[in-house]
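Going in written order, the chains are labelled A, B, C and D, and every chain counts its residues from 1.
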Amino acid sequence: MSSSNPRSRLRDINNTGFGGNSNVEGGRLMNADGSTNLKKRGIPVWERTSIYHTLLRMPRHSFFLSIFIFYTSVNFCFAFIYMLTGIENLLGVVDAHTFADRFMEAFFFSSQTLTTVGYGRVSPSGMVTNCIASLESLMGILTFAVVTGLIYARFSRPKAYLLFSNNFLIAPYKGAKALMIRLCTYKNNNLTDVEAQFTLAIHENDNGKSITRFYPLGLEISKVSSLALSWTIVHSITEDSPVYNFTEAQISESRMELIVSIKAFDDHFSNIVQQRTSYTYRQAVYGAKFTPMFERAPDGEYTLLELDKISDYEAVVLPQVVGLV
Amino acid sequence: MSSSNPRSRLRDINNTGFGGNSNVEGGRLMNADGSTNLKKRGIPVWERTSIYHTLLRMPRHSFFLSIFIFYTSVNFCFAFIYMLTGIENLLGVVDAHTFADRFMEAFFFSSQTLTTVGYGRVSPSGMVTNCIASLESLMGILTFAVVTGLIYARFSRPKAYLLFSNNFLIAPYKGAKALMIRLCTYKNNNLTDVEAQFTLAIHENDNGKSITRFYPLGLEISKVSSLALSWTIVHSITEDSPVYNFTEAQISESRMELIVSIKAFDDHFSNIVQQRTSYTYRQAVYGAKFTPMFERAPDGEYTLLELDKISDYEAVVLPQVVGLV
Amino acid sequence: MSSSNPRSRLRDINNTGFGGNSNVEGGRLMNADGSTNLKKRGIPVWERTSIYHTLLRMPRHSFFLSIFIFYTSVNFCFAFIYMLTGIENLLGVVDAHTFADRFMEAFFFSSQTLTTVGYGRVSPSGMVTNCIASLESLMGILTFAVVTGLIYARFSRPKAYLLFSNNFLIAPYKGAKALMIRLCTYKNNNLTDVEAQFTLAIHENDNGKSITRFYPLGLEISKVSSLALSWTIVHSITEDSPVYNFTEAQISESRMELIVSIKAFDDHFSNIVQQRTSYTYRQAVYGAKFTPMFERAPDGEYTLLELDKISDYEAVVLPQVVGLV
Amino acid sequence: MSSSNPRSRLRDINNTGFGGNSNVEGGRLMNADGSTNLKKRGIPVWERTSIYHTLLRMPRHSFFLSIFIFYTSVNFCFAFIYMLTGIENLLGVVDAHTFADRFMEAFFFSSQTLTTVGYGRVSPSGMVTNCIASLESLMGILTFAVVTGLIYARFSRPKAYLLFSNNFLIAPYKGAKALMIRLCTYKNNNLTDVEAQFTLAIHENDNGKSITRFYPLGLEISKVSSLALSWTIVHSITEDSPVYNFTEAQISESRMELIVSIKAFDDHFSNIVQQRTSYTYRQAVYGAKFTPMFERAPDGEYTLLELDKISDYEAVVLPQVVGLV
């Protein structure tokens, strides 16, 4: 980067929590889903993993598959135990002449106990078998208490449901240029007091050593009362901007990363929700503006927001502005 | 609108999230229940719908009806499956000579399995039937885990329980005029640190194109410590008001919409609650004031708040104030 | 009140939400438990009552008694229904020769269905009885889903667990006087960022009409980082205090009420908790100071907080300070 | 402490909630886990204990052991009751010739009732036994409702999962000295808007009486946007620091205690989380700096945080800076 670095006048910030000298070459700092591009080690995996967080973030089908696998495994274990303690202690077993038949009866007795359905055609007798069945039903209740809690936690977890444009644009704005992204909510949720924050990470070559500098980007509007329609967030590229006079080449050269953080209040969760994302220089579009994504309904009675147009843009010519540096 | 527009001196705001140039003719921006008058499309309905939000907002009877329909449908499906795999695998079926009788037994066996009541007069036998019954009881437990979570989420969802007056009034106030609405809580809940915010939307004709401008309205008192009694929120119509010198005709002509947002802390949910509503120009009453809605109890020991009087007003003569513009 | 009213210089506030002209004679504004001394009417009781709030605030024994009564009533109803549809449809009824015996069997069959225990000695047969039993078990599951939710909501509801002194004292303070109360937490909970707010209500006679004026009281320390020990909240009675130069008689005469509001962050609920209380003039003690309620443990290793001494005070002579009004 | 006390110019604070004159000799104010070093007495233990808080803080194995013990005890009680009301009222008891056998049957019937598994081989008959069984199944459902709630509350309780360095260091910093600690999150949770607060407690000898003074310590960075990597919190020891020019001996002599409070927003709980800890003078390391705990992964694609190095430091020579006092 040349000595006429336009950012030399600007203060970078060191409270992003990313560590400016972390020397991250090539990899992005934040993934598109807002998680940090980071791995931890040094303590055992079970100590550095929150099972709760993991089960909460798991896709729905994996979650229910996990429950099913757990349920089947537990039944297998208990079926073996019932076999070991003597199948004759399970009264009411019918036509179980082979080992497979007897195991099947033990397996389904176990499942009837675990779910507390307890038809009772097969029932335990004797101290040991009764104890095991009694423990299994207790375990069943506790397990499903955990599952009930998890399912509730999964669907009641406050989420922002934000849809971001695929790219950030360098668009004409008030006779000069601006950096823009667009977002909207894609579900029937209702966000109010929505705040946006842009942080720009620029990788620089400082005497042969790659360092990362962070700059906050000022926004034309950083808070809206309600996120009813789409919101195009605009960083006006003035002289105070760290990307002032950047050419398309410099965007790539600086391997810039735009970190976007949105906080809002969700009416229905009555809670603060937060979503973050990041754009790398590969997602920049130089000289483009977003095309409208909402229109008046034919009968004029309501507004129609077209979610599939969130990333739509059209190429435009950028004004030639020369800085006075 | 004439060139002597009294609002030309005032700054309108563009951070309402509604999009000033959204061209919404005729239709209101916000519905009376605080939801946005907006439809979304462009992505499949299941992706743009939060089932959780939908089930939370559904009226109570629809919610329980949905559960009942779901329960019956699932039982029908499983009854068919049990019929397909052979009714003879359900031991204990009595007097089931016709198809209908056998289907009924399968149906009720299914319901006993799904709810885990499991009387056991009818019980499954054989690998396939046992597997299905085992899956059904697991499904029953998971389903009712979801239902338990939903019911809890429905009744524990923080709500403000605010009752708003039907109209907004233009009333005499301190020798001039003021715009007023009234509200109170209608349940035995306890709101503290209650904040109100008024935003006025005015539809204007700008060279033949209808545009919407938004103005914040200053309030005499915008925060009260506790919402014990009713609260009449007052916007004093001074020279700085966007509706200064508006006549009754101009209120209609501007097709104004008053967006009211209330935030408060609820003692019992220990959470922030929020409620919004909107008034259109059709709900304006020009020259009226609210009549009192609380009085001292006969024995002087407590205050009596009469909720049915929330919208009561009486006609009054407005002072003739002429602006100095 | 005389024309030399020392409060004439002070601004009273009108954002307490209580309504200054509410004309409340004799009765207090807020009860000691922080609820407002107010009744609502005008809309039906079921519309103005939040069942959720009611069940949450109910004492524990009433809550469990309600569940028991509900459970018994529902079983009675269903027992009658089973009798009406024919007891012969309940298979397995034994030795039920009298009506009472048959009713008993129906009653306990109902309870086994509602709780989904379903022993199965008695089991339903026939379309109608099966349908009713199926509905009852669904209803049982939904009911206990509600109960599970309520029990969780009851014990997880953020509460401050604050213990207030019985009286407010007028104590010597820095050569002059101060109004003081004392509080502490009485459970093993941990409050941080604790904020206190004092509002004084004074009933005045304004040309024969009783009006209520509210004054905020400045506090020496209004926020503490952590409420580990007890906290004596101090309002120094300077010239700017609305009770400056008040004599013991004037305290009664003004029928003052001190409204105390405490907000804090609870570590374990990870939530804001709030508790309010109010003191009337009858709880004033003129010329007293709190005696210490904590001491070092004999071994010096920890501090000992004696909760039963929260209200202990000793009489002291107040300094004679004369105002310069 | 000498009369040339460098802190005489500094204001200590009295809003820590600890009570400066609490005379705590020897013992620390706060334990390492952030709880206050305090005991309460004066009201009965059940009134000053929140069972909810206790069950929430209990280690996992103690929690599940408590449930198991409770379950077994309840079954014992009910088994006795069934014996008292006559084992002959439990139909279906098989081969129960001895008292032990009969008690066993009663015990397991009780467990089948409490968990609502209800096989039905044994079933109640007669008014009294039926009533008891009916109550037991109701009690079972309510108990497991409580347990479900508790399990959910335990795993959904917002926690910060912060790992602190074992020591606080006096390290070289910008030509002078600084007091430093280091922290990071050790689980896969995501903290944003992380705020740190340092409070220093110094025990002084004031005319033979030990008093405790509290000082806030200014931080170089007191808030970071995101706690992705580790964070070394730095208090620069300038002339305004209460530990300015402290020698290693003075650190011990003053028996200082550093109270650290961290507040953050957790993405997945969507809630504020808080964690506190405290360091005593015994944990001070004079002349040391933390060694790096993160590095670039070999492939350059992500950053690797080594949790076991959180407390690692290396000895360094401190600059000799002499104050101008």
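Just so it is clear, a contact is a pair of C-beta atoms (placed from the backbone, for glycine too) under 8 Å apart; a residue touches a chain by one contact, two chains touch by 3 or more.
All values derive from a computational prediction rather than experimental measurement.
Asks: Select, from B-D and B-C, the pair of chains that is joined by more C-beta pairs in contact.
Replies: Pair with more contacting C-beta pairs, B-D versus B-C: B-C.
Asks: For the copies chain A and chain D, give the interface type as same if over half of its residue numbers appear on both sides, and as different if under half do.
Replies: The interface of chain A with chain D is built from mostly unshared positions.
Asks: Can you name the chain that lies farthest from chain C, using the mean of each chain's Cα atoms as its centre?
Replies: Farthest from chain C by mean C-alpha position: A.
Asks: Roughly how far is chain B from chain C, going centre to centre by Cα mean, in whole Å?
Replies: 28
Asks: Rounded to a whole Å, what is the gap between the Cα centroids of chain B and chain D?
Replies: 39
Asks: Would you mind listing the residues of chain A that make contact with two or more other chains?
Replies: Chain A, residues with two or more chain partners: 112, 116-120, 148, 152, 271.
Asks: Applying the document's contact rule, which stretches of chain D touch chain B when the two form their complex?
Replies: 116, 118-120, 148
Asks: Taking the touch rule as given, give the residues of chain B at its contact with chain C in the complex, in rising order.
Replies: 64, 67-68, 71, 75, 94-95, 104, 108, 111-112, 115-121, 144, 147-148, 151-152, 155-156, 161, 186-190, 192, 194, 221, 223-229, 231, 265, 267-268, 270-271, 294-297, 300-309
Asks: Any idea which chain D residues touch chain C in the complex?
Replies: Touching chain C from chain D are residues 14-19, 22-27, 29, 34-43, 47-54, 56-57, 91-92, 112-113, 116-120, 122-125, 127, 130, 133-134, 137-138, 140-142, 145-146, 148-150, 152-153, 157-158, 197, 199, 261, 269, 271-274, 276.
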